[in-house]
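Some structures to go through are shown next.
What follows is chain A paired twice: with chain B in the first complex and chain C in the second.
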Partner chain A sequence: MDKPSGRLVRSHCVGTTAVVYASDYLNKLTGEKIERECRRQLDSGCRGLVIDFSDTQLVNSIGISILLGIIDVAEKSGARVAFSEVNHQTIELFEMLGLTRHVLLAKDEREALLNLSNYEATHIVH
Partner chain B sequence: MNKRSSSENFRRILGRVTQYDFVGRGEELNRIMAHAEPANTGRGLLLLMEPSAGVSELLRQAYDQIFNQRSDVIPIYFAFTRHETTAVSAAIEFLNTFLQQYIAHRRDEPVVSHSTLTLHDLVELAPPADLEWIQQLVDSYARLRFSNDDKALVRFCLGAPQRVPRSRGRLMIMLDGAQLAEYLNGVVILGTEVLRVFGRGGFTFVLAGLRRQILSAAHEAKCNFELLDILRLQQLDVEQAALLVDHVARRQHVAISEAARDLLVQQFAGNPFFISIFLQAAREKNASLTSYLDCQRLYVDELLGGHLHRHFAELLEEIAPRIDTRHLLIRVLWEAVAGEDQISTFEIWRKRLHVTAGELQEILHRLHVQEFINWDQGIIEAGVGPQPWKDYLKVRYRLDVLNDPRALVVADALADSLKRAPHTMARHYKQIASGGLRELINRFNCQRVPSVLLDYATFSRKYKGAESDTIAAGLEAEPDLLKLPQTVHLASCVALDSDMRQLSDEDRCLVAHTFEDGAYSDAQEVIWLTADIESKLEVDVDVARVWCDRFDTLAANLGFSRYQIWLLSNEGFSEEAGRLLGRRKAFSSSRHQLALIAERLGESVSDPVVQSTEANEFLMVVPMGEDNELIAASTAEQIARRLMFRPEAINQIKTAVVEACINASEHSFSPDRKIYQRFRLESDRLVVTISSRGIVPANLNGASSGLETSEAAEERRGWGLKLIRTLMDEVEFERVDDGTSLRMTKYLRQSSS
Partner chain C sequence: MEPSTQKLIHTFGALADLGQEIAGTGEFAEMVRTSLHMLLGTLALRRGSVAECIDQDSLRCVAVWGLGDDMLREWTISESERLELLDAQASDGLVKYSEKGFVTRNFTGLSNSGIELVLPMIVRGEVTGLVLLGGKASGEEFSNADFETIKAMVRHIGVGIHTHRLLEEVAHRAKENRRLYDELRAIYRDTVRAFAAAIDIKDKYTQGHSERVGRYSEIIAREMGWSEEEVEGIQIAGCLHDIGKLVVDRDIINAPYHIDAKRSNDLNRHPVAGYEILSPIKHPYADIPLMAKYHHERLDGRGYPDGLTDEQIPMGAKIVSLADSFDAMTTDRPYRRRRSFEDVVRDLRANSGTQFDGKVVAAFGRAILKEVTGEVKKRPITKILGKGYLEGENVPTLLGDLITELENGITCVTSAGSE
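Up next, the complex of A and B:
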């Protein structure tokens, strides 16, 4: 079910995983909106976050630093983060700044949700 | 109709520049013109000026305007000059000038105002209706001239305007350089005599002189202060001073860059006299001023032998006519500037200068009037005065007292002034950035604002990342309001404790004396200790703790029983810092919160704007902020496509341009808030240069920024540059006087094109 929060950040929940959609340009302003939404979802009990970059054309370093902050917060909440539909260019940037070490990368939202549920299952088994 | 076209029929008589080129003193000119109106008949206007604040052209422009109005007001302008050595000769010159200008106005012949004419010539030129009283005046003068009664002669000459029949019109007499009148030898103190005659003469006058002198002369002359108005003439503000530099440079055909212009404005502290003579020197030496080096080379030349040198040398010669005393005086003054013995006593000065008490009084009086010292009873505070004066003292001290080789003094002076230039500009930019805070605190007057605006942790939790209308609605609904106190006095921390300079710039750390509810009692008195911390990211707990500790110490040392700490930072404070500030009951705000408070108090934090021009390449100037880096990125994309870069390479260029723009915005305290972009296409490469004006960030020149940033902050701040270096083939910071300029090159390769 779609659950808009704020004018620009779309999100919805699938079970205990929230899917948050990044906008076309990830900078300080839009990054903070995503951060706000992710925090809200974590506070509501979500155990997984999928940030979808299908609309994202360009990211800057401030936006990336905010994503790192989101990953930190998620880890502290015991939640896992996946990025979906990240374009090649953006993946390069994430790699340069070491972001890809901390998240699961998926080609689309469905795969991201699947990866997170697999991870959760594995995590519980172990 | 603009000023230029409206002045086409305007006759320039005494003005040395056109109306169009007369900039910076519009308000003062209006005030003088208003003084000429009938309602002010019989009133005097004392124009109290800071030394070298430039009054002559103001009065000359006023003269021209009044003359051109052809109303019943008859303007008279007289300047006391150093050429007149006695009170008698100055008074006679006044009589001559008065008659000449009176007749010029009556005949509507401006040329008469500045012709060389004898009294006999003037009688012949007098209009028939005025012939009788002018003839009588000249006859009386001739009798008195040889009567050996100098005092009577001086009073007669100064009182000449009283002879004009009322039916001829209303006189408006403007006296310029009245400070010189005190030093004229003779039987009377001319300055006091002028005020005595004019203060009781019943006609309208303006007397311009040094502020420290003219008021005491008015008291000396027992003037009726109910008939005197006062206009204070200070140095030009930054905007007006920059305009003056532009106008004078254009008039003198001196090429000047914006950075050099702004440096001159700061270095001369908006002093129109220094600015004008400096640009005049540039013209005389055919020097262009397109870099800091150009400016400082000329500046040092000026200090050692140009107009600046002559100005200060003449003043020093008047202050201490004997050369041996002058050298001792230079030594005493320079040592005070250098930080030794700034506060001293009359007796110590007398011993150091080897002069009598009377001689010293004369020297101190003249230094005080010129504001080179502050002399109050027996205490003398030296080490004050404008920067050029301090630099002049230093070079004279080294040349005249230490006998250092001239070439070495020149080299050192040039190196010192060059090293100082970036600091001068940095101080200015920081003042601009902190100006809003000072104004804001000054406006505290028991208004109520949401408490959350002074609590970053709560604000961040509730509103960070929220839409502006969401924030506005949230703040409106905030139940917890804080009643601000009433600010009665605001000062820099540095003014109260010079050690605070180690921690912060003068204008970024403020002490406000306030009263809660505007009730003036001990119980309601609260001292607000405010610091605007320079940081690109959230301030961490260590920095917050240092500030709280320092303020606690300051409050204890100064005996502040109740105080409130308020820390500010662009991006707010880390969670840990927030908890600490909560425990210490300190307020904290980000720049965003500050803007919201300002909005509630009806004030905005302003950004200055200037222009830029360039040619022969793809050039673009965009304002900082508002995602304008995307416009730059889009332009870069279009240009890169022309060179047939592959999509991946184009994306890399775009990202690098975005990062460079963000860097330029984040790091600069930019005075114009603009990003300058240059795209140069070459056969095998695209060269993009992104520049901005402002302060060079510490992490670019290798200097440590000390308290202001933590290691993690430094690391994250460097991400932009790291990305740029990875994405582009060559990255280089170009040397510029003011701000930063980053040049990035991307090569067109077979594999990538």
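Up next, the complex of A and C:
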């Protein structure tokens, strides 16, 4: 496993999947940093993205919009997105707004990586 | 938590954030981009754009999210289309993508991009811009509540754009006004200089007197802590203090020796004549006519034209009076050479409290002392007085003693008591 990068947004790669850690409050400033990091990982060839919310207490409307943008870019790149360690309140918000239709939800990073790996195995495109 | 409650909290939070963003003083494009994020994130819309009207017939994208980089960034809008958008606002405030000619004509390139709604932003009956919105991430149709939320947020954004434009316009006008004001002030100053030259040309023995009195007055006022605008004003007053001499016969002004009583009366009319000349003019500084009128008044009431005493004489007139006398004493006149600096200081000491205000004399003394001791780099007084005039060894002591006496009120008390 790669070491977490020294960037402001913590991230690392597991195979072709990038794990990006969201901060405590996903607002404009932090959301845009995460979005840039996700784009960077996708541009460098990642086929899966795990966004880990273990440190995230709150996601506001800007955070939702930015996450949708990440999902959009990932879909256009043929990549799949998983969210891990999302707290109960935020899961309710994501479900209510329909984000969960576009991402895999996992209880932790390991499960997210496994889900993406299984998904990739069953959706190989030659 | 019930989903409906959760949704309300999320929406209210977004509306509060949007209000704060629009009321903020941040950069315009950033404000619009953040507002778009808030709008999209409130209902989880996957894409959208905000365009502003840049003139009567064109729109320009200010913020785009999820629509790709190849999206057209500017569109034209005809008068009929503008009316179409105004109609839409008047009815339900939004336009479904496929329903209007304007939208299909202008956004053909977006037909496959998922844009579902186009909302005009109308503020005070004018199209401020457009908001383009894609569908919900949930895939659900928009509900009536969704439409109301969207319309409310779009109105907020429209007001934000409109306010920004107004502020830009105000800033532009303020800048233009400032430029015009500076030009007018420059013209005013040039005119004053021309008048000063005209006054001094009439008196062949006092060439440059008006300019010098203006300069001394400025220096004294600054030393007394006046604001820069007030300092500018008194410099002008100093330049114009003798403007009344323009109406005094040239022979009287240029008389080589002391003049008789009648001619003296004619000459003494010049402060009032100056006031009459300056009063009708709307000066950018206060009390210039009064400073000209009262520059020959004395604290002891023996001056002219009105025989005012200490408190009745405006401070500006007291400053101009000292500057005028100082220049008279330190320049050659037809009937005498200029006086030594020691003699001038003696005169100032003797007349403080009777002719001159001690505070004004002390301030002038401090300004001269700063030049003499090298405390200040610029030395305008030394430059006016010429090389050598202030270079006597005793000059700092003379000035120091004078200032101390005046600041302690010794000379003033003695002089006032002796009257």
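Operating definition for what follows: the second predicted complex is superposed on the first by the 116 of 126 C-alpha atoms of A that agree within 3 Å, B and C clash if a C-alpha of one lies under 4 Å from a C-alpha of the other, contacts with A are read in each partner's own complex, and residues count from 1 in each chain.
Throughout what follows, contacts are C-beta pairs under 8 Å (C-beta built on N, C-alpha and C of every residue); 3 or more make two chains touch, one makes a residue touch a chain.
The structure displayed is predicted, hence computed values, not measured ones.
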**Asked** Given the superposition on chain A, are chain B and chain C in a clash or a fit?
**Response** clash
**Message:** Quick check for you: in the superposed arrangement, does A:Y25 touch first (chain B), second (chain C), both or neither?
**Reply:** first
**First, second, both or neither for A:K33, with chain B first and chain C second** = first
**Asked** With the two structures laid over each other on chain A, which partner does A:G69 touch: chain B (first), chain C (second), both, or neither?
**Response** second
**Request:** Kindly classify A:R101 by the partners it touches after superposition: chain B alone (first), chain C alone (second), both, or neither?
**Result:** second
**Asked** Between chain B (first) and chain C (second), which does A:R110 come into contact with in this model arrangement: first, second, both, or neither?
**Response** neither
**Message:** A:N60 in the overlay: touching chain B, chain C, both, or neither? Say first, second, both or neither.
**Reply:** both
**Complete:** After superposition on chain A, the chain A residues reached by both chain B and chain C are 60-62, 64-65, 89, 93, 96-97
**Item:** Touch list for chain A against partner chain C, complex
**Value:** 28, 60-66, 68-69, 71-72, 89, 92-93, 96-99, 101-102
**Message:** So in the complex, the part of chain B that touches chain A is made up of which residues?
**Reply:** 464-467, 470, 627, 629-630, 633, 648, 651-652, 654-655, 658-659, 662, 716, 719-720, 722-723, 726
**Request:** Note which residues of chain C are touching chain A in the complex, please.
**Result:** 1, 3, 6-7, 10, 13-14, 17, 34, 36-47, 65-66, 136-140
**Prompt:** In their shared complex, at which residues does chain A touch chain B?
**Reply:** 6-7, 25, 27, 29, 32-37, 58-62, 64-65, 88-89, 93, 96-97
